[in-house]
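Each chain carries a letter (A, B, C and D) given by its place in the written order, and its residues are counted from 1.
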C-alpha cells in the first residue's frame, strides 16, 4: 500500500529501468522581472491557443491563473508601502546575493514591493493527477515528470479536482480548437527533453529566474541562493516545494518565494490526496460490508 | 486600485480548481447507489422467493446501472473515448476501480433484469427464456456481491480529490452514500411492490436512512471549516430538503408504510428524493469549497500551525 | 530597461548579483524599479535640473576624477571672454537673436576662434541661423563638431576664470539639492543617495554607466539631457572605459543603422551632412565648411569619405571635373524633418508619401494631425506586415467616427504593399551598440510580400527605364546612378552585393576591384568607392564580418568575433581613455586597452580606438591637423581637439551647456530663471497643434496634471508587430492609464473603470489602473500628479487582435532645435472618470476645454518669457 | 494493428509484466508518446537570424520545414542574448506566420470606400508613374536667390528603423538621386 502514496524515485516506480536523473525547474522569483517570455515561449512551442483578451486589473497580470491553455503564469503582486511597512516584510528589491555583503540601500527606498513569480505545474513526486487518472493518459516520464498523453485522455476530468495546486484543466474552446475536452498542462517540454534540449520557458527566461536541470543539483543551488538572501537580509525568502518530505513528496518544479505561498496563489501546505487513499478504501470497505449486512438483516424473517 | 495582496490569497482567486463535472455526476452517484441497493434487494427477494419485490428490484438495478453509465459517458470531454477507461486497472484511481466494478456489475444486473422482462413477455421465448431463467439467479447474486462496492466507492471517488469539502468528508462519505443507496433502493421497491412483499425493502430503507442521517451529521462535524459550504446557498437548501425527505420517508415507511400502500409509496418517493438531494448537496458543497480559496488556505495554515506547535 | 529591453537587462541582473548598485530614475515605478536598489521618482521633464544637481555635487564636493578631467576633457580650455552664461542672462546664453529665435554662437567659441566665425561657416562657428542653414545643427552621431583649428589655450591648473572648468562650476552652482527638490520633486536625502552612489562608484577602480532611452530624447531640450549625462561621465572619468559610458537603449532592430546609413533628411551616410543650399555650392565649399584641415582627428579625412560615397553612387560618371557629382545631390535649406513635412502635408505641399514599416497614425505625436495630413495627400504607399492604422485611417480612423473626415471626401490614393519579414530576407541590423549582425533568409516571402530591397531596387529600375531617354538635367543623377545588383531567386537583389558597396572597394591601382579593409584606405581622388565610411571594414578580407557567429562561450568576454561593430569592430568607443595618460590601465580591475611598451603598440581586450603605434608620450608639432595632430593622450579621436567636451563651443543651437527649461506644457514656473522654456525650440503654431498654457500664462489650471507615455514589455511601439499577435495581445489586451490612489481619490477614478484624458489636442479614453507605482510628488510646494500611458494601441487597422485609443493623439508637436525630435514625454492634461464622448460630441467636448483655458494658436508660443510674476 | 499486438499492448497486461504495476509510466505509454519527436529535430534546416523587435539584437534560430518556419527560438551562441528572448522575440514565429498577415496588395482609389485587389506589378507601375508625376509637378531647380536646390518637396518617406542597412542604403540612394530630401525614420521620433 505505501508504494501507492510514497515514492522516492518516481521514474523507477513507474517502471523506467536505468532512467536519467530526475529533471525539474527551480523558479527563483527574486530575479523574475515579470516579462512573461515564459508564457509566450511555452505557447509557441506547445501550440497552445490564446486564452482570453480580458484586462483583469491584477497589476500587470492579465493571464489570471494556470489552466488548460496557460501552462506558465506570471503572478504580479503590488505591496504598497503601507502594507509592506505594516507587515514588517523586507521590501523589494532583493539585494545582491553575496552572503553578508553590506549594501548601501535596504530597498525600502522603492516604497513598494512588486513581487513577480512564474508559476507552472509542480510535477509532484507523488502526483494526484497521475494517480487518479483512469485511462493512463497521465504518465510519469523517464525524467520523473508528469505528462498528459492527448491521444489517450477521454476528458473524464478527475485529475482536475485532484490537483492540490489547481494546475491541470480540461480545454474548452470553439470547435476546431486543438485538444478541446482534453486535460492539459505543462509537460516540461517532454519532447524537447527527449532531444536533450531545455524546456522552452527556461530557454527563453532573460534573467534565469526559471532554471532547468537535474533536480538534486537544483535543490542544492536553491538552498545556496536562499541562504545567500537570508545572509543579505532578505528574511522572508523561502523555498517552496523543495522539501522531499512535504505533502507531495517534493515538487519537480519548485520555487523561491519572497512572501507566503498563498500570496502568490499557492497552497501553503499541499498534500497529495491519494496519501489518504488506503484509509479511504478501508472506510469504503466497512461501509460496503455494513450495507451487505444491513441487507441481510432486512431479509431475516422475510418469507412469502 | 490594484487590490493589495492579502495574506490569504492572490486577488481572491481559487487555488484548487472545481471539478469540470455537470449534473451527470451527482445523478450517477444517486443512480449507481440505487442500482446497488436494488441488486441487494433483488438477490434477497430471489433467495427468499418474493417474486414481485425481485422483479421491481432487478429492473430498478438495471435501469439505475444503465442510466448511471450513460450519465458517466455523457460527462466525458471525449465521450467517444469512453472505452479508454478499460485501458488500465489502477487501484490508485477510484474512478478506475469504479469503472471495473461497473463493467462487471452492468452485464450481471442486465442479465437478471432481462430474465424478468422476458418473463413478462406475453409469448414465451422457448430456449432463450430457459437460459435466461437459469442464469438469472447466479447473475443476480453476483451482481449483489458487487453491489456494496458500487454503492460505497463513490464516496471515495469524491473524497480522493483536493476539493476541500469532499476530502474533509472522507471518513464518513462512503457510509453516507451507502446508507443513501439503501434508502433509495428501499424507497424504489416500496413504490413498486405490494405491501406483503415490501417488508425487507422497508427495513432496508429505514436502516439506510438512519445510517445516512447519522453519518451525515458526523461528517459535518469532521469537515471542519469546509462544513460551512453545506450551510449556505444551494447546498444548504438541498441538504435541508434531503434531511426532511429522508427522515420523513423513513418514519412514513416505518409507521404507515406497513399497512397503507399509498403511504408506502409516498414514503418511497420521499426517500428517493432525499437521496437525490443528498448527492447534489454534497456535490455542490464541494464545488463551492473549491471556489473560495479560504477553504484551501485556512485549514492548511492551521495544520502547519499545529505541526509547528507540536 | 527591464521593461523594454528585458534580454539586455540580464547583464544588469548579473552585475547586481556581483554587487553592482542599480538606481532607477523614472516618473513611474516599472519592472526595472522593482529590481533596483534605489528607485527615484521625479517629475517628467525635469531631468536637467537633476543631472545639473549631480554635476554641482561633483564639482563643489571635489568628487571629479582630476587626472582624467585635466588630460582627457576640455576642462582646461579657455573660452572666449565674450561668452555670457545663462545664470548671468536669466536663462539665455550670449548671442540670442529674438527675431529668429536662434543663437549666434560666436561668443561660445574657444578663445581665439571667434574670428573664424567670420569665415561664415556655421558648422565651424555656428553662425548661420537654421532658417538658412538647413533647419538645425549637423547630426554629430559619428564625431564632434568642427573647429577652425586645434590650437587652444589651456590652463591645466583649472584656475583661470574663463576655463571650461570654472565656467562649469559657476553654471551649476545654483543646481543645489534644494533646487533639485523644488524642480524635480526629489527630496534631498534621496538625491544625496544618488550623488553618493554615483561618485563613490567612479574613479580608477570603479565605473558607473548611465542608460537612457526616449524618456530623455523626446523633449524640447532632449539633446541637452544627454549632454548633462556626458558632463557627469567625463567629470567622473567614466567614458571610454568598461562598465562606463552613456548607453542609448534604442527601440527598433536597426534604428542605429537607419541613423548610420541615414533615412534622415539632413544626413548622408556616415554622418556627413546633407549639402545646404547656398552654403555648399561646390564640393570645396562643403568640405571647408564641415571641417578644417587644422583641426585634430579623423574627421579631417572627410573629403575621402565624401568622394568615396559619390563614387559608390555615380561610379565613372563621378569625376574630378564634375566634383564627383556633388552638384547632383539635392540641397536642403530648411527643416525638412518628419514633423515639418507633416505640416507641409496639411498645407497640401506634399503629394506622395511612403510609409516603410512605420505607423505614424499611432506612433507619432499628435496622431490627429498625422491622419489629417495623410488625408490631404494625392497618394500614399504603405509597406508593412499588417494592415496598420496608417493604411486604413481613411476608412476607420477616429476622425471618421467624429465626422471630422468623410471617407467619400478623402482623395488620397492608398497602396498597401505587404512586406517581407526578417526571416524572409537577408541583411544586417545594427543593434544599439553599433554592432552589425547579419540575418539569413529562412524562407521565401509568400504572396506579394517583398523586401524593401526588392521594392526599391525595382522601383529604381522602372524609373530609370522611364527616364532612359530624358534630356533633362534633373534626370541625370538617376540615369547615371550605379544601379546594377545581382538578382537572386524572385528577382531579389543580393543584399551581400549591397553590403559590399557600402563597405567600399578600390577602383584603380593594383588593388583595383579589391574590397577596402578600413576607411583609412579611402582616397579623395576618386580611386576608391564606399557607401558608408564608418561601415568600411564590415567586409574586410572579403569576408562578411557581420555574419560571424563564433559562439560567445568560445571567445573573450568582449566577444570580438561575433558580428562586427563600427568603426573597425571597436566595441567600446574612445577606449584609449581606459588607460591613463601614460598608457597604463587606470587599474587592473578596469584594464581594457593599454600601451605595450615592448611591442611599441596599443593592445588589450578590444580593438584600440587609437592609432595603433602612437606612443602615449607623442606630442604633435603645433599647427598639425588631422590624425597626426592627435597627441598620445588625446583619446577622443573624432573630436576636433582630441578632448571630451564638457563644454560644447560649437555644434549645438541651444547652448554650450545644459540648462533647465520647463517643458512647453508645464504646471510650474521655471524655478531656475525667468525664461520658462527653451527659447530656440521649434514650434508649429496652428489649429491642428494647439498647446495648453503654462505659467506665467493664465489657464494652466485647466490642465493640472502631467502626462507621460511609455512602452510595456508585452507590446512593441505602435503595435504593428504586437497587437496582431494573439500571444502578445492577450498579455496586455487593453489600453489603460496608470494613476496613483491619491489622484484616483481626487478625481473619483475607479480601478478597472474608464477615464477620459484631455489635452489641448484631443481627448481619449482608457481603462483605469490605480496603483501605488505612481506617486504624487511635492514640487515647489505643490502636489503634482503624473499620469502614465502606454502608447501601443490604436483605433482602426485591419485584423488587429486588440485596439484602443492612442496615447500619442494627446501629444503636441514642439521640437528640440538640434535634432527636431518632439516633446512627447511631458505634457499637461486633465483626467475625468467615465468614457469620452463619441461622434461629433468629442470635438465639442475638447473645444469646451480649450475655451475654458482660453487657448489660441499663439498659446505657449512665447519665445521670451516676460519678467515679473511670482517664481 | 493486429488483434494479438493490440492485446499484447493492452496496458492492463503491461501493468502485470512491465514492472509498472500501478500503471503510472511504461505500462500506459501510448505509441504516439513513444515515437514523439520535437519539431526542432524534424526540421529540414536551421537558419541563424536576429530578433526583429528592439535594438538589443538577440540571436535567433529559425527552424524551417519545407517552405515554412516551424519554430523560432533564442540562439545560445549569441554573446548578447545567450539564447534568451523576451515575450516579443519569443512570439516571432507568430509574427511571421500570423494568420492575420496580409499577403496581397490592397488598393484604395481616390474617394474609394473600400479596398480593391491589384496585381503587384501593376501597383509598382502605378507607383512609379505617380513618383515621376509628382516630382515633375513639384520640382525645384533653385531657390528665390537662384541658389541650386535640385530637389522636390512633393514626395516624402518615413521608415527605416525596422529595416536592414542594405535597404536603408538603397532607399537613401534612390531618393537622393531623384531629388527627394524628405526621407525620415523613427530615429527622428
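Side notes on the structure shown:
The rule we apply is simple: a contact is a pair of C-beta atoms (placed from the backbone, for glycine too) under 8 Å apart; a residue touches a chain by one contact, two chains touch by 3 or more.
Keep in mind that this is a model prediction, so the values were computed, not measured.
Innermost chain of the displayed assembly, by C-alpha centre distance to the whole-protein C-alpha centre, is D.
Relative to the C-alpha centre of chain D, the farthest chain centre belongs to B.
Inter-chain centre distance (chain B to chain D, centres taken as mean C-alpha positions): 58 Å. The distance from the centre of chain A to the centre of chain B, with each centre set as the mean of the Cα atoms, comes to 33 Å. Put simply, the C-alpha centre of chain A and that of chain C have 46 angstrom between them.
Centre to centre, using the average C-alpha position, chain B and chain C are separated by 74 Å. Touching of two or more other chains is recorded for residues 11, 22-23, 27-28, 72, 84-87, 89, 91, 94 of chain D. The multi-chain contact residues of chain C, meaning those touching 2 or more other chains, are 6-7, 10, 713-714, 726-728, 731, 751, 769, 771-772, 801.
Chain contacts: chain A has residues 4, 35-37, 39-40, 44, 57, 59, 78, 80, 131, 135-137, 152, 206 touching two or more partner chains.
Residue ranges on chain A touching chain D, taken from their complex, read 3-4, 10-11, 13-17, 35-37, 39-41, 44-45, 130-131, 135-137, 139-142, 147, 149, 151-152, 190-192, 194-195, 197, 200, 203-206. Residue ranges on chain C touching chain A, taken from their complex, read 2, 6-7, 9-10, 13, 16-22, 29, 31-39, 190, 193, 196-197, 712-714, 726-734, 736, 751-752, 767, 769, 771-773, 775, 801-802. Residue ranges of chain A in contact with chain B, taken from their complex: 4, 56-59, 64-65, 67, 75, 77-80, 83, 115, 128, 131-137, 152-158, 160-166, 168-170, 180-183, 259-260, 262-270, 273-274, 276-277, 279-281, 283-292, 294-299, 302-304. In the complex of the two chains, the chain B residues touching chain D come out as 86-92.
Of all the residues in chain B, the ones that touch chain A in their complex are 2-11, 13-21, 36-37, 40-41, 44-45, 47-50, 75-79, 81-82, 84-85, 87-88, 90-96, 99, 144, 147-149, 151-153, 155-156, 159-163, 166-167, 170-171, 174-175, 177-179, 181-182, 186, 196-197, 199-201, 203-204, 207-208, 211, 286, 290, 293, 296-297, 300-301, 303-304.
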